[in-house]
Amino acid sequence: MNNPFMYDEKPKEECGVFGIWSSGNQSISKMLYYGLIALQHRGQESAGMVMCDRQGPLGNISAHRGMGLVSEVFTDEVLGELHGNIGIGHVRYSTTGESRVENAQPVFLNYLKGTLAFAHNGNIRNAGEIRKELQKKGAIFSGTTDSEVVAYRIAMERMETGSIEEAIINVVEELRGGYALLILSPQKLVGVRDPYGLKPLCLGKKDGAYILSSESSAILSCGGELIRDIEPGEIITITDEGIQSDFSLKKKKHAHCIFEYIYFARLDSVMDGISIYDARIRGGKALAKRYPVEADVVTGVPESGITSAVGYAQEAGIPFQIVFYKNSYVGRTFIKPSQEERMSAVHMKLSVLSDVVKDKRIVLIDDSIVRGTTITNLITMLKKAGAKEVHVRISSPPFLYPCFYGTDVPDNKELIANELTKDQICKKIGADSLEYMYLEDLKEMTGDLPLCRACFDKNYPDESEL
Amino acid sequence: MNNPFMYDEKPKEECGVFGIWSSGNQSISKMLYYGLIALQHRGQESAGMVMCDRQGPLGNISAHRGMGLVSEVFTDEVLGELHGNIGIGHVRYSTTGESRVENAQPVFLNYLKGTLAFAHNGNIRNAGEIRKELQKKGAIFSGTTDSEVVAYRIAMERMETGSIEEAIINVVEELRGGYALLILSPQKLVGVRDPYGLKPLCLGKKDGAYILSSESSAILSCGGELIRDIEPGEIITITDEGIQSDFSLKKKKHAHCIFEYIYFARLDSVMDGISIYDARIRGGKALAKRYPVEADVVTGVPESGITSAVGYAQEAGIPFQIVFYKNSYVGRTFIKPSQEERMSAVHMKLSVLSDVVKDKRIVLIDDSIVRGTTITNLITMLKKAGAKEVHVRISSPPFLYPCFYGTDVPDNKELIANELTKDQICKKIGADSLEYMYLEDLKEMTGDLPLCRACFDKNYPDESEL
Amino acid sequence: MNNPFMYDEKPKEECGVFGIWSSGNQSISKMLYYGLIALQHRGQESAGMVMCDRQGPLGNISAHRGMGLVSEVFTDEVLGELHGNIGIGHVRYSTTGESRVENAQPVFLNYLKGTLAFAHNGNIRNAGEIRKELQKKGAIFSGTTDSEVVAYRIAMERMETGSIEEAIINVVEELRGGYALLILSPQKLVGVRDPYGLKPLCLGKKDGAYILSSESSAILSCGGELIRDIEPGEIITITDEGIQSDFSLKKKKHAHCIFEYIYFARLDSVMDGISIYDARIRGGKALAKRYPVEADVVTGVPESGITSAVGYAQEAGIPFQIVFYKNSYVGRTFIKPSQEERMSAVHMKLSVLSDVVKDKRIVLIDDSIVRGTTITNLITMLKKAGAKEVHVRISSPPFLYPCFYGTDVPDNKELIANELTKDQICKKIGADSLEYMYLEDLKEMTGDLPLCRACFDKNYPDESEL
Amino acid sequence: MNNPFMYDEKPKEECGVFGIWSSGNQSISKMLYYGLIALQHRGQESAGMVMCDRQGPLGNISAHRGMGLVSEVFTDEVLGELHGNIGIGHVRYSTTGESRVENAQPVFLNYLKGTLAFAHNGNIRNAGEIRKELQKKGAIFSGTTDSEVVAYRIAMERMETGSIEEAIINVVEELRGGYALLILSPQKLVGVRDPYGLKPLCLGKKDGAYILSSESSAILSCGGELIRDIEPGEIITITDEGIQSDFSLKKKKHAHCIFEYIYFARLDSVMDGISIYDARIRGGKALAKRYPVEADVVTGVPESGITSAVGYAQEAGIPFQIVFYKNSYVGRTFIKPSQEERMSAVHMKLSVLSDVVKDKRIVLIDDSIVRGTTITNLITMLKKAGAKEVHVRISSPPFLYPCFYGTDVPDNKELIANELTKDQICKKIGADSLEYMYLEDLKEMTGDLPLCRACFDKNYPDESEL
């Protein structure tokens, strides 16, 4: 989850958003920085902030966007030049391969009503159509991103309606897909969550400031406290007069992305009332109930499989053990070994604690298998260190279908589950047994929460509407 | 002219533009690079290129813009990623103090008709009004530059007319000010010169390519040849079918910026039929005729005063001598001496050849005096080295009035000529005599060429129209 | 252990060494690189390699040293310029505060017999005296490091004896302290371990190459296998004719540094026959036996306290739980919150999984307390998250005395255990109980292995000799 | 002279030295910086400073050395960390191709008497022998530079004599070659100039400080004044008690390097009583007297040929004209055109002022021809611009022999004068006539000053002694 080197084959989240509305006069740039640092796991390609002074003149915006990690893009010097008491920030992982600073968010626009800044997580399925529609009506864009399209549409609407809230309501009714939006209109901070609740968004506060964030942990990390989740379809507006919500988007059907619980979200977040940690523990327990195995040790692939492994161990009554040592100095700049050097990069990053595995039967938990390269290396290492058996348990069902809501699942052809049967995969990775989470057991993780699990069962929540 | 450290008090040109339309299929990125390197003296703040493939799909654009010198912004790697056989480039010096990459040119837009890129040199006096007008009509901008306003206006117009040329004609008729524009519409390269010819633009060719450039020297530097200057008010369009010109903007009154001849343009450029070198030589001669003085040596402040000094020397029959040694390693990163160190930065940069000046009466030529700091330092150095007398001759009249066409003359208060009389300045800088070019002698430099010399005489060419 | 930001108050190891003698002709630079990456936890200040070609001309050395992490100092380009089939490498943590590239190791010398390169881990207590002695005899040094002194002394001796081995024997007999030395003499690789075995050194092989390394895990990480530990007092020489050992330094008394087992060494190393992982598990168990407490959850401070916590949990029959989420993006460039922002940097780095601790009695294990700042923050976080009780168990006795063998323990005044009683510390950090490892229980970790534990009991192994 | 890009085929000076002894207490780091900036033309590969506090403890040294220009190596931050009131600095151009920071000067040593720092310009012909001799006696070096050898030898000698001055006298008597040395012994600054005076060194002062510098212009640039040249064979010592000189090295025969006057030294330096500017003017005049030609314009290749061209013009009565425009933005990072782009890099750097040369007969002066590439390009450009004739005059005789005193003349094979006759060269470069300075006319430049001109006539001053 945390290291781009290790888990380059995992599905990727596109973005994290973080917005602040402060009643004070001090610059919120540092607080936005801490919020984005805390959301960095949701996107490492680019980072950006836009802020302005609610008491200042219209359009007096302060912004910076750049390629790289938050701590690379925002130096002390850069933060010192950004001013304002209301602002939004964004971290991005590109799904399209276009890694250019022009695509970094938030975007901002200048128009009759002043300035509008916009950031989003997720995917607007009909953004291309809206773009074409707008272009037909004469719209002129400065880039090619979906963000600009939606921001543009809101600005257009704003010119014909009495308030930014009204404009946003009118626009989001047109949007299809899964998304969490933050909009900064000179004196207001607005958040929108898609009607299905596919993408997360929550509300927090710290001192005199309100916060909108993709995850609750980011609110806590910078010293604030969680108030509540934004409801699916809720449009929340924070102004001098307080907080107001509109629910015109609201639908009966909800469908929260299961991958937040399996993999994306931070372990210490609570999302739609469910603790991510608890969900993963319960997922591990469900795996153990459904697919028990005689074994001596349960362990997880760091970091993504650790929590489920703890759950599996508890349920199975087999001791959880730390089995892999992780070298935290193997990072992005590390020069990877070539094939001829007969070493795997995984081996430099992770090594096996032989004492723990020698002559033992191991249960190895991971959250997913994409191409299977890493798990194969780890099983080889375990066997070489003396493990008698390695039983792999995956805390999600196999990926079979693409995601249309902003998660970057690899192409069909790269998904091993689309090419081979479970038994073939088991053989190929060198495991003694292999089991995936049973589809219906996902509800063990999240209880009654309505889920989108289309990547497993092809049941897209908005299929009927498109 | 060449060194931002030395001449930071000189008037500043805002921009240089360079465009290429190539009949071949090879990338023109390197050629744009050479062209911009050759125009670097016109702006050192930011540089950019936009190009596309005339045969490719609409809107398939390749672009890069960044802060700094052309050689800093465009590395081998960056150039390798830019592709296309038609493109425009830009170097910029900011007049507004807003040094942000968002303000770098060229700008580009996406709209119904594909992509439009735009770069300009000069100042659109009514850009602010056009912006407001457009915003009232619902226009939404992504930045705050004049370039985006004009590009936007052209794109709007294009949607209502049959061709980009027609759209441009309609838009430029609205523009007030002095400008040279380059527009890249997927398959066409268009250049526009303002009706007064305030800003320069010329046409050249190299092999199968046509070039539009702020200066002829940039065409020659990259191996091409000058065809002709673009006429004031001419709109020139280069397409697969060749070159076509429209003259609907044409006016009777022309007014070429005198400062190109005095200071801005490269010595090896020919502009509107007049060699810059010749003009400066003639300027020096005119100074000598009007303000002769008994002296032993004539010299110029490197580099801006050298050519006029050669002219003065020829007319006066006094030998021209090199009097200052210039340390070319004193550049932008040089740590300037503090006051306490009792040295001037000018002294590190320039030193006097004592043998040449000892016991001599010196004529010292420069092209302008703004705050007077540098010239004071130089006179002190000359006197310390034994010069008996120092007679200063300035190859332009005193600045008295602001420029509205894109030249960054310092504020009135910083202009020494607005604060002190000629005699007071002479005393303050420590000269034995001081003379400025006589206003009417400017025609010695440029013959019959109609000039804008409003910064000297307040006679703005478009005053009646605004 | 791994993160300089988090654990800046922990005792610090000074160095790691890694040497290769290869029978082949291919460059070993990449293998040295991987070895040093695997030892990076032993020093992050500077890194260096010296290598040469055993078949090449004398003194044909290839070297690079620089400030920073191994992956920063050694880029692809740098590695490509380093050649040789025999070499030594070094990672360093400075104890003196002099962070200059001149102090980076290995050092190398040119003299009558060719070239000599030298790297060491540890501290030569009498290096200063040897330096003075040598200077009195006329020695001239290019720097001020102990490494240069010893290398110099060996080179001197080599000029008067028949072989480098003999020279080394003569010199090391003079040395006092704890050290592991690697010496590269054009065709030989020599390793020396101090007579007490204070500092670790072991022998491994990979294909046709022999490896000397501070830790076994580094040998395994780069695909090799451990042969054995170098014995205390052993001088091992690897040449074309194989491996030879001399034991003239050997003493009866051994004293292995206890801190390798408590903290320094990688979890996956085996050192002097003892698995580091096992030792820490046993340490945790000993703590549980000696200082049991009624509790619901056992956890450790990541990463340093995790393994002991697992041991404690096993012994106590209380479940081990992961309680802290670690944000791996909070690294060296992270801008730390100020006091006014009312957040601790620890809070950005680590957060509590509330579900796990709510209403629970927690046993929190760490390996040491120096100033107590971090543990105080963590206890505050646990209590705020709802923990009913927090019982701290430290897997080492309190530091009370300085280390003279190369471990950088903070000054007496900064050691909280020197200022306050155990009960006072417990109160100050906000714990409900606090216990340190009982001194005699250390043998639970390491069995019969003779230890140096002078930092706890002032019993320095070489006291009598100095 | 100034641009590494343009004149990469010119002979290269190895070094410049600059030393300061200040009676005050303030840090001299900034003053050393300005001195080195002023000597940058003498070497651009690396730069370094060593300084210490005369009142401080022995050996308390402050040093920094790095690859690159002075302004790159010494940032504000680095200068702020360097302290002392006595110091030496160095700029280096490598002759050997070994461009490593280990070779940067000054070197410094620690020994019984404290610290010794050393910097030199020139070449110690017998440094290799001294090194071997010292190694036989047991010397141990940390690097491979001549500087370390001499510094080491001085330190050795110092240990056996009563003073550093005495030690230096004893050592320099052994040295063969051409050199200027600066030695910093904690409280003394010593300068040595070789007995022939091959390399320059002079004394200056500023406020309470004494300065030793390779060139007088560097003293003036930082606000000081020249006192006198150091005499050939003089050993000058600056201490609290003032300045003392020893002349034990003195010889009757002097031989000043002619290339300082032709090319190396700054135009504004005065060296051994002769103004560099005057010498070059007289050189141009001598060329005109010896090799007159009917022509319309005299010009020089910037910058190296300009001054001689002014002299030629004065003598010949033909007007001097500026003929080339130099683009000062074509620097080290400029991407050079490939052959296919049918442009020369010279063309981007220099362009011809066509008006000046059209239909004209040109005399083109340069200071040397090495491979002939640049001059060929320039002649082509002149002819293309309409020049009727181009007559080349070179202000030095042809290079034929290697320099053993530290000037980096290209290999014999690369010297066009060793391969072709004058007429063949003339034809190859496309000139209408070609003449080199007549050997005996060199005395026109430097009067009675005894010269080393061995690169022209093979008459090495110290031939008999080696």
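In this document, chain identifiers A, B, C and D correspond to the written order of the chains, with residue numbering beginning at 1 in each.
Note that a contact is a pair of C-beta atoms (placed from the backbone, for glycine too) under 8 Å apart; a residue touches a chain by one contact, two chains touch by 3 or more.
This one's a predicted model, so the numbers in the text were calculated from it and none came from an experiment.
**Q** Using the touch definition up top, find the fewest steps from chain A to chain D.
**A** When the steps are counted carefully, the minimum from chain A to chain D is 2.
**Q** Which chain is most remote from chain C in terms of Cα centres?
**A** B
**Q** With centres defined as the mean C-alpha position, give me the chain A-chain B separation in Å.
**A** 49
**Q** How many angstrom lie between the centres of chain B and chain C, each centre taken as the mean Cα position?
**A** 62
**Q** Using mean CA coordinates as chain centres, what's the chain B-chain D distance in Å?
**A** So the centre of chain B lies 37 Å away from the centre of chain D.
**Q** Which residues belonging to chain D are in contact with no fewer than two other chains?
**A** If we look for residues of chain D contacting two or more partner chains, we find none.
**Q** Answer with line, ring, star, complete or other to describe the graph linking chains that touch.
**A** ring
**Q** Per the touch rule above, enumerate the chain pairs that touch, sorted by label.
**A** Touching chain pairs, listed by label, come out as A-B, A-C, B-D, C-D.
**Q** Taking the complex as given, what residues does chain D use to touch chain B?
**A** Touch residues, chain D against chain B: 2-3, 30-31, 33-34, 37-38, 40-41, 69-72, 74-76, 79, 217, 220-223, 266-268, 270, 275, 277-278, 306-307, 310, 314, 319-322, 325, 327-331, 333-335, 337, 341-343, 347-348, 351-356.
**Q** Looking at the complex, which residues from chain D come into contact with chain C?
**A** 107-112, 135-136, 138-144, 148, 152, 155-156, 159
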